[in-house]
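Labels for the chains are A, B and C, by order of writing; each one numbers its residues from 1.
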Amino acid sequence: MKNNNLQYRHLKEKFVFSILGLTLLAAVGILGLIIYFIFSKGIGVVDLEFLTQMPTNGMTEGGILPALLGSFYLVSGSILFAAPLGVFAAIYMTEYADKSKTLRMIRIGVNNLAGVPSVVFGLFGLSVFVKFFNFGVSILSGSLTLGIVILPTIIRASEEALMAVPDEYRHASLALGITKWETIKRVVLPASIPGIITGCILGVGRVAGETAPIIFTAATFYTANLPTSVFDEAMALPYHIYALVTAGTSPKQVPLAYGTAVVLLFLVISINLVATLIRNHYGRLND
Amino acid sequence: MRKSFEHQLEDLNQDLLKLGSMVEERIHKAITALKNKNDELAQQVVENDDEIDDYQMEIEQECINLTALQQPVAKDLRRINMVSKMATDLERIADLAQNIAEIALELSASDYVKPLVDLPKMGEIAQEMIHDALDAFVNSNADKAKEVAQRDSKINDLDEQILRELLTYMVEDPKTVQQSNDLIFVSRYLERIGDHVTNICEDIVYIITAERVSY
Amino acid sequence: MMENETKTIEIKDLDFYYGDFQALENVTFDIPENKVTALIGPSGCGKSTFLRTINRMNDLIDGTRVDGDVIVEGDDIYKDEIDVVELRKEVGMVFQEPNPFPKSIYDNIAYGPRAHGITDTEKLDEIVENSLKHAALWDEVDDRLDQSAIGISGGQQQRLCIARALAVDPDILLMDEPTSALDPVATAKIEDLIDDLKEEYTIVIVTHSMQQAARISDYTAFFLMGEVIEHGPTQKIFEKPENQKTEDYITGRFG
């Protein structure tokens, strides 16, 4: 009797674990499938020339250099804009603001900002940066728009990193007769910088793949010249894929699109990997 | 480790030694006064007894403080308790020396039936015992403490010898009864001093070995 | 009782509130210079709260309120014109759990002086060495000042925290159960250190251990339900306390 019961329980356990295992396998499988699909279709065209040459012959041949560079400028610009803003906002929210209703409202607002569809940011960028500030369709407008897209990510990551710094450090410093700002500068920020950097890098990974926010603000279908100033329009990897596929005049363009996707995917995965490595590295040090 | 506690224990040792040497001096003075009919010396012993009492109480208070504030255990606990007890024994010895000095004052007017030889000898032995016992205490030398305790038998032997001798004097000449009786008391006081020193030796052995011995 | 001693801290009619809860009531006593004053009492009796009124660390908690006077070296520290930052330079604090910064041993000690504007390397070296020597830690760490302070033992960390407090040259040291996270050997080292430090500093220590208070302090204040039941020389408190509640507490017959 007892034994039967035991066997039954074991069987049930096994069944549940199997189901859970299968679900996990499915998720990983789908991811693997995507990567395999993209790589198998696109890896053939990726070589050094593909990365370092201008597109030629009506974008049916040649490389993706301008899109690669354009993405690089846009992402760098967005981080330069969003990181300081996000970090300072997070410092204010965690260290200075009263734990009041207003702060809760602001936090809810920031979280909601993260959920806004990215095309809406694109429209916002168009009306504010392109039109109102008259920056035109440019790297500047695109960077600022992308910056706003990742601002919530950076604020939340920074907030969490700051809150993870034990209060003991703050108290120890304040008890030495050191001002709050000096305490933040000398103890809290250094201790939270790995978390903040990780957040920023994850943000970079996200905006590198964003298409909608730059369609109206920065990206151009094709340009023969590399950008020379922040007021130039630029090509970008995700939009380049979109352009290649939708233009659809030549069947030669489809492998090029997959090749571009391979590069983009590779970049995003690498960036996330770096973020993970940094986090693990500092995680170990702080233990 | 526990530096201040160590210092306080060291102070306690020093205080006990001081008390010991004060008591030694007292015996010496009392016996000398008796032997040389020195009233002045005897008077000193009688009058300065308060000094010893105060010092003994001071040591006792130190022991109470250390017990209350330092939570002594093991050897420290034995030491502090025994020092308190040893101080009491020393104080009793001083009282006995005072009794001897009082007799010295009484007898100073009359001539002794014979020169005092054995009583001063007993006094000397008792003094040495105190001195050596405290030496054993300071050096944590249990063997020496045991050896000192053995010397008490010499004092006991002398005490009996003196008793017998003085009894013969008393039988021979009733006029000596008063004086002989007084000297028998002195002998008895010195014998009791020997017993107190033996107690002290037993306490020292207990501090060092944690074993109770009795001689 | 303290006629011959200089009062470093005077507390007069001190009340303290967390919101509506009154944590301290009518606390009045003096803390003499260059002595160790121990604060004892059961958990929640207000002894830690009281300690934190002396360097105004309670200010960090929202919704607290103070009535009465805390006079440190002649200044009422709850007056408006008092600069809390300056106050905390004079009144150092050591916490219950050792809390070194995740920096090197050297940087931990140099932290305070640097933040207060000292940049001269030689001067910093000197401060670091002196502070570590004062905290009886120099001999144990002088060959690895550049190593992380997180890597040394708990007892060493706590002495490091004491050294860190000494580095900004305070007059008063507050200690909030500084040995409660340490083993007996490390505790004995800290207690020896406290005994040495009182030559130069006034020390106020909160301790859970009555035995510790007995061992290391010159004066003891017994707190109960936010009130000081008895205050006096430690020897008197532990040998002939005046108040029955004090006696019940120190003899373990409380409640």
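Please note the rule applied: a contact is a pair of C-beta atoms (placed from the backbone, for glycine too) under 8 Å apart; a residue touches a chain by one contact, two chains touch by 3 or more.
The structure presented is a predicted model; accordingly, all values stated were derived computationally and were not measured.
Asks: Could you give the fewest steps needed to travel from chain A to chain B through chains in contact?
Replies: 2
Asks: From the centre of chain B, which other chain's Cα mean sits the farthest off?
Replies: Result for the farthest chain: A.
Asks: Using the mean of all protein Cα atoms as the middle point, what chain has its own Cα mean nearest that point?
Replies: Centroid comparison flags C as closest.
Asks: Taking each chain's centre as the mean of its CA atoms, how far is chain A from chain B in angstrom?
Replies: Result: the chain centres lie 92 Å from each other.
Asks: Using mean CA coordinates as chain centres, what's the chain B-chain C distance in Å?
Replies: Centre separation, chain B to chain C: 49 Å.
Asks: Using the touch definition from the top, which residues of chain C touch two or more other chains?
Replies: If we look for residues of chain C contacting two or more partner chains, we find none.
Asks: Where on chain C is chain B touching in the complex?
Replies: 185, 188-189, 191-192, 195-196, 211, 214-216, 234-235, 238-239
Asks: Over in the complex, which chain B residues touch chain C? Could you list them?
Replies: Checking each residue of chain B against chain C gives 1-5, 64-65, 68-71.
Asks: What residues on chain C touch chain A, complex-wise?
Replies: For chain C paired with chain A, touching residues are 55, 57, 60, 62, 85-90, 92-93, 95, 97, 99-103, 111-112, 114-116, 150, 161, 164-165, 168.
Asks: Please name which positions on chain A make contact with chain C in the complex.
Replies: 98-99, 166, 168-169, 171-179, 182, 186-187, 190-191, 285-286
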